[in-house]
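What follows is chain A paired twice: with chain B in the first complex and chain C in the second.
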Partner chain A sequence: MASASPITAADAGLPDYVTRQPSGFYRSANPGTKLAVAALEVVAAFVLPGWVGPLLVLAVVLATAAMARRMRGLAAIALATSPIVGSILVINLFLLPGASDPIARLGPLAPTWSGLSFGLQTVARLLAFSLAIGLVYLTTAVDDLLADLARRGLGRRVIFVVGAAVQMVPATIERAGEIVDAQRSRGMDTEGRIWRRARGVLPLAAPVVFGALTEVEERTMALEARAFTAPGRQTLLRVPADRPKHRVVRWAAIIALIAMVVLRATGRLV
Partner chain B sequence: MDQLTRWVRRQFTTRVVVLMPVAIAINIVLGATVQQGLKLPIYLDSIGTILVGVLAGPLAGALTGILSNLIWGYLLPSPIGTTTIGPFAITAGVIGLLAGLWGQLGLFRPRRGRRGSLLAAAIAVVLVGALALYTYARAYASPDQFANITGYKTSDFDQSRVFFLGVMVAYVVLVGVALYLRRDVGAVLAIGAGLATGIVAAIVSAPIAAVVFGGVTGSGTDALVAAFRAGGDSLYQATLKQGLLSDPMDKMITSFVVFFIVGSLSRRFVSRFPNGEKAIGESPGTAPQDSPQS
Partner chain C sequence: MSVGIRLDGVSYRYAGAAATSLRNVGLELEPGRVVGVVGANESGKSTLCLVVAGLAPAVIGGRLEGSVRIDGIETAAMRPHDLAQRCGLLSQNAATQLSGTTATVFEEVGFGPCNLGLPVADVVQRVWAALGAVGIESLAPRDPARLSGGQGQLVAIASILALRPRYLVLDEPTSELDPAGTKLVAEALARIARDTGAGILLVEHKTDVLAQIADEVVVLERGAVAFSGPAAAVLADPRLVELGVESPAAVRLERAVRTSGLEWSAALAKALS
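Up next, the complex of A and B:
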């Protein structure tokens, strides 16, 4: 039978170190609550007009991250968006259609104030969106998220697909590295000129793809041997806690999100 | 209702459920390499999605596409994970859905030794050649223009151009192998399916790129958006035009790769998937292999 209430390590007969004990209001929140808050922040960043939405969301996300002591991780996520931030600023600064308020003339190029404003606003919105979701990632273990989704009734097939895919991406990258080493030991040039490296793409990509596909048969049998398709609900070994205060926050976020969408759809939030 | 439930369940056998994470990993690893590493004006991030769609059906394909982008965007650490890919989950879902439909129509089935292959080859080569030349002329007019309008370094220009040309050459070689040496007209239908998928994907993704990212996504396609905006197009027009240039090219190549992958896998392996028989055609003179519940 599926367990509906949170279990402690002692209840499950497990040692304490098996289960993580996050502390702090945000970090200890149920993954569902964090997702609901992130969804509200993402919608607010796009639905609230002008600078209000993105700046408000950024302020809330940064304050939450500071409380959760995840500022460094958040900074890394912000840094990872720098290529797209650079593109957005450069393209809008010089190429915003209809902009006619130049900051300066640089030969054929004319950066504009409205292009700068539009670019910065888009960047603020992008950062608000990325950091809101990034904070959930930084404070929630994938297996906690999947366990919570399973408790809420998400099918075991989807849970398996997501869990296996998250594990498989680094494994595939590692396998690709091993294949590169193997091919190099046979004399393939992977660090020379570009055309030589390009020539090596097929001998590298093909074993990665076909190697991964050949594992499908073995994994299918392994799952079937473990009664993957057996009827009935599975027993969950561990369920993330869902405290009343976090439930209140979750429902408040969901109601605020719906209200915001309705107000925007009816034209009262322009 | 019962029939609908059976149709849905049939697409999510254990074998398909095991294939889906493999497909997602292929999508992410190849997509991240091409988009973040090589900065090509194509994506190559839906090989797994189209493969699942063709072998399992539209719903399995759509779910693979959606989950690929959500996992890539929100569950993987940097530098692989990039939150900007998440909103395009809708496009990825549509691509998987269409791939499932093409698979059920048998458009990825090998059709060897039939007449008319030469004409089909000519049409395909002219179509792809024209698109390739147009993309090349727009994105790589000069290193300075490339650097100025995209913000990338001038050194990225040569690398990006070489890889773009490399992909095009590889594509032409593959078309040649399929159509002339193997006499396989099936490749042309797969390319056609990719073209249709690409056009729909461009129409679906243009508003997402415009609204969420101001038309800029940090990949090699930004050069195209910049070129169109320099020509006076509005944000939506520029992203749509960029999509219509990049997506059909990308999906044609992807469909072609999937066509080859399906053709290279053993008949026994492929026929065990829900749409396996449609994907490879029934084996002449032999009874279908066992089709267990899994």
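Up next, the complex of A and C:
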């Protein structure tokens, strides 16, 4: 792990808004610690058998979100997963291979109890996965995460890719909105029935995708013009706090994660 | 060692392109001078910027003939981050000029110096100097993603200045700006040329901006230099219009006055300016 001397506004002349540190429960935790905890939660949701893993993770994530006052954001993430949640439930309810305990007969279809159980369990795992990652996103400023990754010696290219990818989401949504408005002003009907909406996807997708590709070249040149490929270590203007308790939690999460994977791989966690 | 940017017999063709985008271009830019470049669409202005800044062909590929030297050194012999410290390039779209990974304008302007691995105190000093040169110190705490077009372009200029290049290559920096934003950028460029002694190559459709700050103007036509000379003379040249470039408002007004049979006097010109 790369070392970095702590920087204070006093000794470097940095303004307070650069050296700022996040405050509040979980929000002030070190980004690396939050990533490690999220990784543990994701692995636990899928590795721990039956209902225990996903329900335990969901309980922890929801309690943390409530204390960090991020329940509304988490609800939005849960809502965003609803299309895939719905399809998982429907497919397992009716089409789980080998299921022979029908709940009822609906013509040629027969929903099964084991299909319902497996579908709900899969949904719980999916939600645990989405919400664990979502909680990191909701409680961590992107530049805090990038600064912490840089401090840990991750290459500037990787860091830039992560940062640009995260920042690209709102930018792409904004661009898509502008293109929809432009297409509407030229008479395209993007409201109403599903087939009408579907017909509007291609004229929206093409400019969004091609516009993004064009931007990549411009950005590449802009980065070159700002010495992005200079050799050596990048200077860090701000280092997120990493208190002893954060380090303890991080290492505990990493050890638990490794232990869980090893136990599962050796067949002692079935 | 010769000082300045010097292009001799430069021709450039993009990778995979059938036609040559620049043909036998010669150009000189000295520190402290502002050279404007005008021309119709697809006359090679943006390509010229990429070639002068050394990004073509080093980053985008293609085939370059002739010599491009910055302070006597061939750009082909320099690495991109070395070039960035000698010659800063800014394109017209401020949104793609910013890194998109910083939370404040201060950190955005510091992105380049941080890439060089400079000590924090040096980065801080460079950032304040660059913000001051452009006159936007008050924007330092702001989120770069939440700026107006003019402010964003000024931040992009400051970001380039923080690398302390001796030359700036600006490709239509005011093209997406309203009159207020254009005025902000034009004033900032005039201040930079005056105070920092940087040589500026400014591609600009708005010839009024060039009339204010350019010492010389080069007119491009289909990738070649059509004519060039002192800014006042070139911008008043009637051939500009034939080449698809609008003359500055003052020149058009003078022509209109003369065409209508009225007398154009120095006093009138001064009053109107």
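Worth a mention:
Here, the second predicted complex is superposed on the first by the 187 of 270 C-alpha atoms of A that agree within 3 Å, B and C clash if a C-alpha of one lies under 4 Å from a C-alpha of the other, contacts with A are read in each partner's own complex, and residues count from 1 in each chain.
Note that in this section contacts are C-beta pairs under 8 Å (C-beta built on N, C-alpha and C of every residue); 3 or more make two chains touch, one makes a residue touch a chain.
Values in this document were obtained by computation on a predicted structure and should not be read as measured data.
Contact with chain B, but none with chain C, is seen for A:Leu95 once the two complexes are overlaid on the shared chain. Once the two structures are overlaid, the count of chain A residues touched is higher for B than for its counterpart among chain B and chain C.
In the superposition on chain A, A:Ala230 makes contact with chain C only, while chain B stays out of contact range.
Within the superposed three-chain model, A:Thr122 lies in touch with chain B and out of touch with chain C [touch as defined at top]. With both structures placed on the common chain, the touch criterion links A:Leu213 to chain B but leaves chain C unconnected.
By the touch criterion defined above, A:Asp143 reaches chain C but does not reach chain B. Common to the chain B-facing and chain C-facing surfaces of chain A are residues 142, 160, 164, 168, 171, 215, 217, 219-220, 223-224, 228-229.
Partner chain A is touched in their complex by these residues of chain C: 50, 53, 55, 59-60, 79-81, 84-85, 88-91, 93, 96-104, 106-107, 110-121, 123-125, 140-141, 145, 159-160, 163. Those residues of chain B that touch chain A in the complex are listed here as 12, 14-15, 17-22, 24-26, 28-30, 47, 63, 67-68, 71, 73-84, 86, 148-151, 158-159, 162-163, 166, 170, 211-218, 222, 225-226, 229-230, 232-235, 261, 264-265, 269, 293-294. Within the complex, the chain A residues that touch chain B are 46, 76-77, 80-81, 83-84, 86-92, 94-97, 109, 118-119, 122, 125-126, 129-130, 133-134, 136-137, 142, 145, 157-158, 160-162, 164-166, 168-169, 171-173, 176, 194-195, 198, 201-202, 205, 208-210, 212-213, 215-217, 219-220, 223-224, 228-229.
Taken together, the chain A residues at the contact with chain C in this complex read 7, 12-15, 17-18, 141-143, 146, 156, 159-160, 163-164, 167-168, 171, 215, 217-238.
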